[in-house]
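Just below sit the structures, each encoded as structure tokens.
Below are two complexes that have chain A in common, paired first with chain B and then with chain C.
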Partner chain A sequence: MVSLKEKLLSDFEGLKIDDREADRLFIDTQKEAVLSLLSYLKKAGYNHLAMVSCTDWIDEGKFELVYIVNAYLSGDQVFGKKEKKCIVIRTKISRQSARFMTVMEIFENAEPYEREMHEMFGIDFEGHPRLTPLMLERDYKIPPFRKDFDTLNYVNNTFGKIPSIEQRKEGLK
Partner chain B sequence: MRELELYYGPQHLGMVGNFSITLQVEGDRIVKASANPGYLHRGFEKLMEQRTWMQNFPLVCRINVVEPDHMELIYAMGVEKLAGIEVPERGKYVRSIYCEMARVASHLFGAWAYANMLGFDTVAHWAMYHRDLLLDMFEELTGARVYHIYLRPGGVRRDFPDGFTDRLVETLHKIGGKVPDYNATFFENSLFRKRAECVGIVNREEALRMGAVGHTLKATGMAYDIRKIEPYDAYDQIDFDIHTREKGDAYSRLLAIRDEMIESVHMIFKLIDKMPAQGEVCTKTPNPFKWTIPAGDAYVRCESSRGELGLYMVSDGGSKPYRVHFNTPSYNHGLTVLEKALEGESISDVGNIMISLYVVAPEIDR
Partner chain C sequence: MDRNQISKWLKNPGKMAHKYSFHVVYFCTGCGIIEIPPSITTRWDAERFGIIPVATPRQANLFLITGYVSTKTLKAIIRTYEQMPEPKYTVAFGSCPINGGMYYDSYNTITSLDKYIPVDGYIAGCMPRPEAVFIGVTHLWKLIDMDKADGYKRYREDYVHYRANQEQLYGQMDWPPLFPVEKKEQANL
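Our next item is the complex of A and B:
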């Protein structure tokens, strides 16, 4: 039997696959291949998009998008059926022009995740029907989950400095 | 008929926590619903990047107010995976018992919320009282009633006190003895069935398409449970069933929750029977102030009482996490499934459907 890793390596170019964990498969890929890879995996039975995440590698000047897919297995099925239970797909996009394609056509439930990534990291997902704010109510110059967003600075500038206990004692006198 | 926009929430009976929803209604039928979270957004994931691995425990449990224990578990599992720590045998059992206790307490809270919402006040009081009995057990074990901070990477903070398992069994028998009363007054009550049956139907195809997990999927006949698919802790040591229902409506979802709660109690008995009598409950970990974890990333998942709970965690080799992202079951249920399930339903059923999806608002916002 050909393993999933071998199949993927023969069908796609430029994949870096790490399978040292028994039930995980970490795949590093070029950003162009993500959509075809996701639809390939969906056809292969990995029909559940568990999450979409993002890491800000500020030193490299890249955002790393992470798509985690797994199979909807039922408790009655033989669990050995799917050899790797979770597949983690990682791809890097430029931090300067942070844009990517939406995967909603393949996995409908990517919608809120991509909306959140848009809000928190400022990534534009082309083809996403509603990139409106999800959680936040204020406008941020730098999207708040980026590494260069200084939380302390932001709080001081927006809400004013909180006086120290000594200063407050002085004020009371 | 004229279409109107109706703001529902953020304070309403359909949700534990604050969460609003904008409804487009025609008469009393809902044409379109759009969820509006963010009232409880505290930026925990960002805050965790600035605190050490161990300092984050008081934060993770606050992500889900109703059952903080699975949040602790998933975070501890993430750190263990990245640092390559193993949990000792007895520690695994203690963890599993603790998490099943949390599941029962959380489902009792869910029963309270549902009964309270529909006006079954007696049942609501029972459920709250029985949850309180379990909170007493948590207090004895951990010193706290709601946020226990009991799990830690490598195991648990302390072993069970003397005679704890006997008292736990006694408490569970006390709660279990009330199940026929719960059935008669609530689960099989015709008034309740009239409100909940054939309401908010999410069929299996829709549920799979929208990424539903947990009881929403179990109510459509899919026994999708991480404890079976990818057993963690001591779940591969015992035999247990996943209870499913077929219809996918609000009533099936609640019955799936009830069955899971009863199964959890049986699981606790089995775990106590099989637990090694002696042994360590925690692996020694480095000094938390100087603890650095090798660079890498990990995805771990467990079955919380609401469904598959995941955590993607990245370390850059430092003393703090580089990135933490929780994938909570309520996120999918509250934002994707809820919007779909509300379409075409009446305004009076909004709270009913929301609560049957068992969404906890702080878990969405994090």
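Our next item is the complex of A and C:
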């Protein structure tokens, strides 16, 4: 029987597949192939999107998006029992124009992850129905999870500038 | 009852009753809340010290801030504190409410709590063990005996300043002031 790795390599171009780990399969791919790869894997039995995450590689000028899909149901023809349970898809997008497609058409539960990444990294997901604030209340000039967000400077300028009650009292006199 | 304390009871029964029946408001913030379940259950049994958790701030007189305070949580803390009836006492856990602790450079964690609400005592440590919580409570008894646990009085007296600090952090506040704030004093600031 043909393994999933060989099938993926024959069906898609430009994949870099790393299967050294026991349980996980790492796929590095171009950003155009992510949607088709995810729908392919969903049909193959990997029907649970466990996580969408992001890394800021500021020296390269890239954001790395990470999609983790798991398989909980077996018995499909493609997904044999010897295959790996967890597949990690990694792709890089430009940091300057941080735009990507939403994967909500394939996995609907990607919605809060994409909202969070929009909030924390400033990535725009085209086709997402509501990219409104999810957790943050305050306004930040740079999204706070980007590497060029100077946290200590921000703290000194906001919380540090609030005077203590004693200082306020002295200011009154 | 301790015989040595009979004179204290006769002198000021209300204060003694407050002292030995702390009703803690169930408010979970940060990581220190994990110390509360062992403290109130059989192993350390907080009821020996008269501490009992209650469900609503309207019935509580002790507020335990159990860890770091994010800006969003601080709003809830201020509202809960203002709902508690007087006399009320605040004890902050761990190093984070003192100066930020390990979150000193976090983008949404405030660095010192006593700029926004009065704090009667701090329990240092990260995290303090349940024994330290009880030592903190016995220290609070001493402070109440000496009339030094006056956080709620300070909050009433200096409410203008506390409110000004809260407004500097949040901009527009969602709820009206607890005590009347004179417009003139605000303009001077």
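Here are some notes:
Everything that follows uses one rule, which is that the second predicted complex is superposed on the first by the 151 of 173 C-alpha atoms of A that agree within 3 Å, B and C clash if a C-alpha of one lies under 4 Å from a C-alpha of the other, contacts with A are read in each partner's own complex, and residues count from 1 in each chain.
One rule holds in what follows: contacts are C-beta pairs under 8 Å (C-beta built on N, C-alpha and C of every residue); 3 or more make two chains touch, one makes a residue touch a chain.
Quick caveat: nothing in here was measured; it's all calculated off a predicted structure.
In the superposition on chain A, A:Asn47 makes contact with chain B only, not with chain C. Of the two partner chains placed around the shared chain by superposition, neither chain B nor chain C is touched by A:Pro129. Judged by the touch definition given at the top, the superposed model places A:Glu137 against both chain B and chain C. The larger set of touched chain A residues comes from B, when the choice is between chain B and chain C. Touch criterion met: A:Ile162 reaches chain C, while chain B stays clear of it.
By the document's definition of touching, both partners, chain B and chain C, reach A:Thr151. In the overlay built on the shared chain, the residue A:Gly14 is in contact with neither chain B nor chain C. Using the contact criterion defined above for the overlaid structures, shared-chain residue A:Cys86 touches chain B, although it does not reach chain C.
In the superposed pair of complexes, A:Asn109 makes contact with chain B only, with no contact to chain C. Of the residues of chain A, those at positions 136-137, 144, 151 touch chain B in one of the two structures and chain C in the other.
Residue ranges on chain C touching chain A, taken from their complex, read 71-72, 100, 104-108, 110-112, 114-115, 154, 158, 161-162, 164-165, 168-169, 185, 188-189.
Chain A makes touch with chain B in their complex at residues 23-24, 26, 47-51, 53-56, 66, 68, 72-76, 79, 85-86, 88, 90, 107-109, 111-112, 133-137, 144-145, 151. Touching chain A in their complex are the following residues of chain B: 37-38, 41, 43, 45-47, 50, 208-211, 217, 222-225, 228-230, 242, 297, 299, 301, 308, 310, 312, 314, 322-323, 325, 327, 331-332, 335-336, 365. Residues 136-138, 140, 144, 149, 151-152, 154-155, 158-160, 162-165, 168-169, 171-172 of chain A touch chain C in their complex.
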